[in-house]
Structures are given as C-alpha cells and as structure tokens.
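Both complexes shown next keep subunit A, but they swap its partner, so subunit B is in the first and subunit C is in the second.
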Partner chain A sequence: MDSLTKKIREIASNILKEGKVEMVIGFTQGTIPMTSKPYMARTPEQTENFIWDRHCTLNLANYITGRKEKIGIIAKGCDSRNIVNHIVENKISRDQLYIIGVPCTGMADKHNPDELRDNCATCTHRNPVIFDIMAAEPVEEQKLDDPFADVKAIEAMDKDAKWGHFQDLLSNCVRCYACRNACPLCYCPTCFVDESAPQWVGKGQNKTDIQTFHFLRAFHCAGRCTDCGACEAACPMDIHVRAFTRKLNKDALDLFGWEAGLDMTKRPPLDTFNPDDPNDFIK
Partner chain B sequence: MANLLEHIGLEKERLQFSWISSAEAGKFAKVATEVANTIEALGPIDKFVKKTD
Partner chain C sequence: MKVIKIDKTEWTGGIDKSRAKYLLFGPVKDKDVQNNERYIFKQLSADQFPDMEASDTVLSPKGTVFPQTEKMLQVSLDPSVPDHHIMKRVDTDYSPRAVIGIRPFDAKALTLVNLNFDTKDYRDPYWCDAYQATTFVGLAVNKPSQFDFSTSMGSSPFGEEGLDVLLVDNGSEFLAKVITDKGQSFLDAAGFNKSADESSAQKIEELKAAAEKAVAAKVGTDNLTKRTILELHEAPFWNDIAFAYINCGTCTFVCPTCWCFDIQDETKGKSSTRFRNWDSCMFPLFTLHGSGHNPRGEKVQRVRQRFMHKLKYFLDKYDKGTMCVGCGRCVQSCPVNIDIREVCNIMNNYEPKK
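Let's look at the complex of A and B:
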C-alpha cells in the first residue's frame, strides 16, 4: 500500500479514536478504475476505506459548508485554500476543523493518466496553506515563467474570434450543473439559475441561456477561485469551464495582487475598499 | 466585470461606470450623452442575444 494512504488512514483513525473529530472527509476508490469519490468516515474502522492517489481530483472543501460538527478533512494545496475561503466567508469556523495536510504533486488528467491535468500543471501552491498535521514532508513548489499563457492567447484574439472561441467552448454543455455542484465556491442555498421569482435565466437548452449561466457563475467566483479544477473534473462533456475563472484569476492578480485562499486574516479584494484600488474605469 | 466581457468578445464600452451626485445635473447629462454616443457608434449588439423564434 502507498505510504501516504497508510499515513492518512493512521492519522484519521487516531483523531476519531481520540474524539477530536466526529467524522473525517477524504477520498475512497471510485466505482471504476482511476477514479475516486469523496468519503466520510465516522468510525476508526471506516478509515480503512480511505485512499490517496493521482485521481483525487475533487475538492473536499465542498463538503464542509455550514456543517455543525467537528470535522477532520484531508486537504491538498487547493483544498486547503478553499478551506481558508470558507473560513473567511464564515461557512465554517477554524476550530471545528482538524486539517490533515497532504502535499500534492498534481493530479492526473482524466484522459491521459500519465499527464498532469491542466490546472495542476500551472499550480504554484502544492502544499497546504493551513493544516493541523501534515501527512508527509512538503514538496517543492513549481516555478512557472508564465502561469497565464492560455489566458494571454485568448486576450490576443480579436473580438469575433474570442466570441467564436467561447461559443465553441460551450457548445456541448448539457446544463447538468455538475461544475457548480462540484465547486466549493458555489454554496448558495438557491443558485441564480434555479430561482423562479424572478427567473434570471431561461431553464432550457437555449445557447444564450447556457452562456449566461457560465459567464455569471464565473463572475460569482471572481477573486475567490483557487483554480482547483473540480469543475472540470466533474464535467461529463469535458468543457474547459476554467477558461472563464482563469481570466478572473489573472485580473485579480494583476489588479489587486491577489490570489484566493492564502491568508485567513485578509478579506477578498471585492469585499473591501482600498484607496489604492484601480478606479480608472469610473468616469 | 468589463474585463471578462471584453475577454469573451463583447465590447467593453457597452458597460460604463460613473459616479454622479444628485446635484450634478450637468455631469449627468454629459455622461448620458457620451454613453449614448458610444453605444450608437458600436451599433446594435449581435452577440449574446436570445432569439425567441
């Protein structure tokens, strides 16, 4: 057995035995090979079902929203940043959590298991930013020359090419909302697409409605997205959902020097006023 | 927000921001005219329009 898996099971089992937490959230083997699914262990025996491999692509921070009990959670770099987001946004308190940090060397691509998935290839926060215990020694962070090369390629297009690009991108969307459900940021009790009074957006397969869903969902993630890739991991149609949030992440970094989920003591840039905020768009 | 509009291929100028006090009637008229002129120059939007027929 993989030593990391063994270590995770050991830590999870110990904290349950010691009564530090009431449940531990982690991953277990999926129903088909090279997949994983979230798993909640409530007894020390159940921790034997935990696994850790290169297919733990979902973001476990999604499962702590608004919970009342004490929770142990297994967190790779991006999960830990989303946990910070949750704490900052008052969706859970820090003392409810026992975070088992797992240094991550990137998850495998769905279709080319030998390759890193896209967001892991440009990840610069592989080690958890908060944790109570680490399951292994931290790994070396990647140094990237240009983390936003893909966004810049789109920025360089003319406006019709851009529009064409995003029309193609969304042409397969079946509006299953798997991206939204997998996203740890999307915790609104009623999503704007599900509202009926007023109905913000049509419910059908009209392509403008589909585009509206994706553009607006992206806006809701501005300054909050950690590029964890859960949306794409969940998408059954292989849509590059991150194309929108990537642009917003780049803007957040360029305009506010901000990367989401790194510091529990800081408010997100769109939540605060600073006299130095860029304001040349106001006439 | 304007940046993402531009990123997906819509004209950034369609979304404009201004800060006008209720006492600044002159500025309001000036900005409104400017907005109207910009949009007129851009013409009707052909993207992101829901066709109901």
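Let's look at the complex of A and C:
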C-alpha cells in the first residue's frame, strides 16, 4: 500500500478514536479504474477505505460547507486554500476542523493519465497552507517562468477572435451545473440561475443564457478561486471553464497582489476596501 | 429473418441516396476538446456521414427525438393580429428521419420513454410525432465498453427492441437484419438490397455471443420486485450513497431514459414562445413548490428518488423491467462516481430487518 494512504488511514483512525472529530472526509477508491470518490468515515474501521492517489481530483472543501460537526478533512494544497476561504467567509469555523494536510505532487489528467492535469502543472501551492497534522514532509513548490501564459494568449486576441474563442468554449455546455456544484465557492443557497421570482436567466439551450451563467459564475469567483480544477474534473463535456476564472485570478494578482485562500486574516479583495485600490472611481 | 448484405464500399453511396427521403441523424466527431476524442449524435449535414467507428457518445441519442430545448407553442401578443393571445402549436418538421448507428441499448431506452409519452389516456404530441417519424437503424456493439452492463438490464449489445434495422459490422461488410417494415423501407431508399447468404445468420449469432460474453459488469435485479416500496425507501443505505452527491444533473442529462422536462415561457416584444427543457430530479429546483416548500429539500431524498424511480417505481408500474438499460453513461460521467451498478446491487441485496 502507498505510504501516504497508510499514513492518512492511521491519522484518521486515531483522531476518530481519540474523539477529536465525529467524521473524517477523504477519498475512497472509485468503482472504475483511475477514479476516486469523496468518502466520509465515521468509525475507525471505515478509515480503511481511504485512499490517496493521482486521481483525487475533486475539492473536499465542497463537503464541509455549513456542517455543524467536528470534522477531520484530508486536504491537499488547493483543498486547504478553499478551507481558508470557507473560514474567512464563515462557512465553517476553524475550531470545527482537524485538517490532515497532504503534500501534493499534482493530479492526473482525466484523459491522459500519464500527464499532470492542466491546473496542477501551473500550481505553486502544492503544500497545504493550513493543517493540524501533515501526512508527509512538504514537497518542493514549482517555480514557473510564466504561470499565466494561457491567459496572455487569450488577452492578445483581438475583440472578435476573443469573443469567438469564448463562444466556442461554451458551445457544448448542457447546463448540468456540475462545474458549479463541484466548486467549493458555489455555495449560494439559491444560485442566480435557479432564481424563479424573478427569473434572471432563461432556462433553455440558448447561447446567451448559457454564456450568462458561465460569465457571471466566473465573476462570482473573482478573488476567491484557487484554480483547484474541480469544475473541469466534474464537467462531463470537457469544457475548459477555467479559462474564465484564470483570467480573473491573473487580474486579482496583477491588481491586488492577491492569491486566494492563503491567509485566514484577510478578506478577499472584492470584499473589502483599500486606500491603495488601483481603480480611481473608488477613491 | 431477412438479412441484407451491405458492402462497406457501397455504404456512403447508399447513405447519400437515402437523404432524398430521410433526414439523417448519426454519431459524428465533436470538436476536439481538451485532447479528448468524443462523439455526439446530431442531424447530419448534406456532406456528413454517420461515423460507424465512433465510440459511445457522452450524451445518449434521446435528443434526436426529444431535444434538450423544444418549442411547443407560440402566440402573438399583438392585439391587431387575428388570433392574438391564442397559443398555437409550433410548425415543426416531422418528415421521415433515420437515426443511424444508434446502439441497441439506446433504442430499447427510447421504447421505455415511449411508455411514458404515449399512453392510453395521454399522447405527448411532440414526442410521438418525432418518435413515429423516425426509423432506427442500429449498430450492434461488437466490443462493449467497460461501462456497458446492458445484459443485466434487459438489453444486449445485439438487442433488437426498438430498432427497425440492426446493422452488424462484419469486417468489410455490414449485415443488416431487417426487423420492421419501416426498416425495410429505409434499406430500399438507400438501395441496399443484396440478400446475405445463409451463413450470415450464423455469423451474427457468433458475434452476438462473443459480445454478450464480453460485457463484464453484472448487476442483480431479481429481488427488486419482491421488496416493497417502503422497505427500499426506508432502507438505511441512502445516506451513504448520497454523501458524495453534489446536486448536478449530469446523470439525468446523459441518460437515455430520463424523460423529465420543465416548461418555460419566453416573451420578446409581441411574440411569446412556450418551450420545454430537459429537467433533472437531481436539481433542488425540480420539486420546489410555489410556496417555498421543497418536498425533496435534502440531497438524500433526491438521490433516492432517482434510483427508486429507475429501479423500483417504474418496474412496479409498467412491469417492463428497470428504467435503466445499462448503457453505463452515468457511470462514466458522474463527477463523484455514484455508480448505478453498485446502487442497484445494494438495493437488490437488501434484506430488511424483521
């Protein structure tokens, strides 16, 4: 057995035995090769079902939103940053959590499993930023010459090419909302696309309505997205929805020097006022 | 049964010929997304041919007869127009069409949807008109995918239910089993008329046996009718099954038998349209009442509903087996690996405590 898996099971079992938590959230083996499934253990015996491998692609912070129990949670770098988001946004309290940090060397691409998935290849926060115990020694962080080369390529397009690019990106969306629902940021009790009184967005396979959903969702994630890739891991149609959030991540970094989910003491930039704000209108 | 032999060199010529009498639908390669080769069922343009080598499509072909968004009625709100404010059926083209390369399990799935839309008391005109206008030219699955469990769910890689013609890929030729008169008419329109020799029936049986043997996943359904609805409904396993669930509609949208829809009106200027969209019992909005109450407000209730409908309520109501044909699409696409094969086995093996 993988030593990381063994260690995760051991820690999870211990904290349940010691009564530090009522449940531990992690991943278990999926029913088809190269998949995992979010899993909750409530007894030390059940922790034997936990696994850790290159296919733990979802973000487990999605499963703690609004929960009342004392929870153990297994967190790779991005999960830990979304846990920080959740704490800052009052979706869970730090005291409720026992975080089992897992240093991550990147998850596999779902169609080319020998390769790193796209967001992991440009990840610079592989080690958990917040934890109660680490399941292994931290790994070396990647040094990238240009983490946003993909965004710059789109920025360099002229207006029509850019619009064409975005239209093409979303042309096969079926509105299953898997991207939204896999996203730990998307916890609104009623999403704007589900509002019915008044109804903001049409429900049909109308390209304007589909684009409205994706653009607005991306803006709701501005300054909050950790580029964890859960949206793309979930999308059955293989839509590169991160094309939108990555642009906003780049803007947050360029304008505010901000990367989401690194600091429990700071509010996200669009959530607060700063005298140094780069925009004139706010002064 | 009559078997026609179609040499593959004659295939595209025949397909072209059939276009004079049929609108054609079939699997074609979708745009290349994220380095992944994928196929979709769509109406073919005049220069497109169904890709008979295509892997299973992510979405089932149900959209060919039950589009995700479908116009139903239209009305003018302009008082100067005669018949203003009177809803009228949209003038949709229901001329003969053929869906080519549909998998046997998908054709069977559409017969199950038909049970719901074409009943003694009610006839859904949009579905019925499209379904009845369609000739289903199936392609037998010689090599079932790892997700296929059709043989456990009353279908088969060579199943004939719901098909008008079953094509069997036999190397340099297709052997076309003529199942209905509709199927015969299509083959006539395509000019496919060479009778296969007597050994072809034997050949089809051999390929069928090999394909059925290659379906690895086995699911038990024998006990589903024996358990009562309440026994299964109250069973203790639903919370565990539902834990990973994220409220998305992927399974229902890729499913060939999910038929639920939502009706919407949209008005622009003086013209208004009523249309329907696929809906999903996995969405909390699906059952939200006008009062704000939601009888399926908890996720465990929604997960239970989907599986109970497919594997229990439908079974009891129609006595036509499960409302799952074992295509495996939801197994493949579910973002959180909720696997209907596993759930079905749990339900089937459940022994209520006395």
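Everything that follows uses one rule, which is that the second predicted complex is superposed on the first by the 279 of 283 C-alpha atoms of A that agree within 3 Å, B and C clash if a C-alpha of one lies under 4 Å from a C-alpha of the other, contacts with A are read in each partner's own complex, and residues count from 1 in each chain.
Keep in mind that, in the parts below, a contact is a pair of C-beta atoms (placed from the backbone, for glycine too) under 8 Å apart; a residue touches a chain by one contact, two chains touch by 3 or more.
These numbers were taken from a predicted model, which means no experiment stands behind them.
Once the two complexes are laid over each other on the shared chain, residue contacts for A:281 go to subunit B alone; subunit C is not touched. In the superposed model, more residues of subunit A are touched by C than by the other of subunit B and subunit C. With both structures placed on the common chain, the touch criterion links A:182 to subunit C but leaves subunit B unconnected.
Of the two partner chains placed by superposition, only subunit C is touched by A:233; subunit B is not.
When the shared chain is aligned, subunit C comes close enough to touch A:111, but subunit B does not. In the superposed model, A:194 lies in contact with subunit C only, and not with subunit B.
When the two complexes are overlaid on their common chain A, residue A:78 makes contact with neither subunit B nor subunit C. Within the superposed three-chain model, A:163 lies in touch with subunit B and out of touch with subunit C [touch as defined at top]. Using the contact criterion defined above for the overlaid structures, shared-chain residue A:58 touches subunit C, although it does not reach subunit B. When the shared chain is aligned, no partner comes close enough to touch A:12: not subunit B, not subunit C. Subunit A residues in contact with subunit B (one complex) as well as with subunit C (other complex) are 202, 206.
Residues of subunit C that touch subunit A in their complex: 30-31, 33-36, 38, 40, 58-59, 67-69, 146-147, 243-244, 246-250, 253-254, 262, 264, 266, 275, 277, 280, 283-285, 288, 331-333, 335-339, 341-342. Across the complex, subunit A meets subunit B through its residues 151, 154-155, 157, 159-166, 202, 206, 208-209, 211, 215, 218-219, 222, 244, 247-248, 251, 281-283.
Taken in their complex, subunit A has these residues touching subunit C: 30-33, 35-40, 58, 62-63, 111-112, 168, 171-172, 174-178, 180-182, 194, 196, 202-206, 232-240.
Put simply, subunit B touches subunit A in their complex at residues 1-4, 6-11, 16-19, 31, 34, 47-51.
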